[in-house]
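Letters A, B and C mark the chains as written, and numbering starts fresh at 1 in each.
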Amino acid sequence: MNYEFNWFYVQKSLPDLFDGLLVTLQLTLWANAIGLVFGFLVALGMMSKIKLITWPLTIYIEFFRCTPALIQLVWFFFCVPIIFNVWWSGYFMGILALGLNLAAFNAEAYRAAIQAIPHSHSDASVALGLNAFQRIIHVILPQALILALPVLITNGIGIFQQSALVALISVEDLMYQGRYISTQTFRPIETLTTVALIYFAVSFPVSQAVSYIERRTKRLLAN
Amino acid sequence: MAFVEINGLVKRYGALSIFEGFDLKMEATDRLVLIGPSGCGKSTLLRCMMGLEDIAGGQISLGGKEYIEGAEAGKMRIDAKIQKDVGMVFQHYTLFPHLSVLGNLCLAPTRSRGMKKAIARDKAMELLQRFGLADRADFYPSQLSGGQKQRVAIARALMLDPKLMLFDEVTSALDPELVNEVENTMQDLANAGMPMMIVTHDMHFARNIATKVVFQERGKVIEAAAPDELFGNPQQERTRDFLRNVLHING
Amino acid sequence: MELDFSFLLSYSGVLLQGLSTTLQFVGLAALLGLIWGFVLSLGRTSENHVIYWASTLYVEFFRGTPVLVQLFWVFFCLPLFLGIDLSGFASAVIALSLYSGAIISESFRAALKSIESSQFDACTALGLPRGVQTIFVVLPQAVLRAIPNLLSNVVSLFKESALVSAVGMADLMYVGQNIANNVARPIEILTVVALIYFAIGFPLTRAVSVVEARLLKVVKA
């Protein structure tokens, strides 16, 4: 190895990378907002006994879970404008595709959490005279949220990483800026390493927090 | 010197003390049954004798030879040669799930005692025949009932020709209707003259199989006597309390 | 808007070729990732502090950065860094293997940790030496228990493999996008490409839960 490092250009373009990071974070937050809310609604729908509701939801979930996020993103970017005859920015398409992708994974997390609640809690609720609605709101929902939290956060940080895909449809996120700067300055090693470190610096603490939360929730629900 | 001797056993889990100088003797003709309230250290005692627990003090000997010597800070000494003469069966079977019945029986003899595969196989089949399990030789543990699993576990231990067998609550995890087959197997073994130490909650079985019953509480022997004496005419108030409670519950 | 799927027939050969490239990437990277992942999992259960921390840092880093960044890094930086020529194919395989090794090591580690302590008690009671215990008792159970997770790792790898199109590898994704650009019919072609991915990804995902249920029965003795 006789490569000579030169960090000058990376230093000079740090503001651009920072702008990119902001876009990445915005994408992540919006996609998570969609994923958390829509995912829960989908999970509730999946509990329905009406096939006309569960079937389309199942297809939606499985489709988003079983195909590459890249094809989902590219499909939205190229096909949605034609089908609906609208023109939305790549940024918006990115949020939509990532959000729907996340919602599919989160729906599964919610569903598994709801199933993990001991059946005896339903029995106890009946014995205590709670009606179905009260039972869902006061007994099922809080426990499902606590149980699903680690997976929801893990999925959320996964979307932070997946959001790098939007660079491929020319959204100027952190990945895009990194690529752009590295080709402009012919300094790929310094630039891409810096970009990787920035991604890592954001997701590592979160993943550590997840394992902490996981230990806490286990204790909380251990009874 | 007695066949089994435990002298001054000290066992602690952190600040929690299980034994502080525990003594026990057993003759080669004995089948010793340990009874007592949960958490009094019966299972821990067997685990110490098997060498599964670090002991902080005391000695354990078998056939006049000391094989475990406790020491502070986990520097316990074990003589593996004599440890090999002790066999143990656990509450939760602990069969190896990825091996067939035959595989479970033959693993230790062939891999650590250098027994030829064919010989181990013959010996295993002989044991399974004796236990009425010959038709289960190629089954996997997950395909067996709890009683069958436990009898396979006993056969697995016997493959190594132990001089002493330890049974740690071997029927506690079983459905009531499966308890008998395991207890019968143990009774057969007793009739064949195998020295045993048994921890059980089944007082009826204890009375039938034991030559000596030890009532233990909080890491101390409270009373030790022949089964008819201990169950029929217990000398200590605490023994009477304990027996009254368990016998009442058991009906 | 009119859909016309008939023109796709003339592209079926190219699509199939793209698919076979995708499967080659996945197969190679899965194989290398399995080996590398097992080595890493041993490192992560090691009592040697240097080995433990090095492997932990590696795994966390590859799990904590986008695969796209890793791919670009290997593709553009590794050859410069090492001062050697690497074909695009080799770079992509290396990148995917480095990534899959990290996620696969977690599956092995969890499996190693899940073996009950009573199994070790039984080994002691049977007088099994350490080596026999590791090879004949621990390893087979660890592999059995890891299988469902390993399968999901392969599914993830299969989905992530679409990224190699971004560095010009002619996989299914790349071929699909190319055709879409050429014939200006993105809906039909991209939908079909997505369906092809789905046709492979879905049964694999289902297989995970089936295998999991069956293995659980075996391992829970």
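We adopt the following convention: a residue touches a chain if its C-beta (ideal position, glycine included) is under 8 Å from a C-beta of that chain, and two chains touch if they have at least 3 such contacts.
If you're wondering where the values come from, they're calculated on a predicted model, not measured in any experiment.
Put simply, the chain nearest the middle, going by average C-alpha positions, is C.
For subunit A, the chain whose average C-alpha position is most distant is B. Interface comparison, A-C versus B-C: the higher count of C-beta contacts falls to A-C. Per-chain Cα centroids separate subunit A from subunit B by 53 Å. Averaged Cα coordinates give subunit A a centre that lies 20 Å from the centre of subunit C.
For the pair subunit B and subunit C, the distance between C-alpha centroids works out to 46 Å. Of all the residues in subunit A, the ones that touch subunit C in their complex are 1-3, 62-63, 65-72, 74-75, 78-79, 82-83, 85, 161-165, 167-168, 175, 178-179, 182, 188-189, 192-193, 195-196, 199-200, 203-204, 207. Interface residues of subunit B, counted against subunit C in their complex, comprise 47, 50-52, 80, 83-84, 86-88, 90, 92-98, 107-108, 111-113, 140-142, 149, 156-157, 160.
Residues 1, 60-61, 63-70, 72-73, 76-77, 80-83, 155, 159-163, 165-166, 173, 176-177, 180, 186-187, 190-191, 193-194, 197-198, 201-202, 204-205 of subunit C are the ones that touch subunit A when the two sit in their complex.
Taken together, the subunit C residues at the contact with subunit B in this complex read 118-119, 121-122, 124-129, 132, 136-137, 140-141, 144, 217-221.
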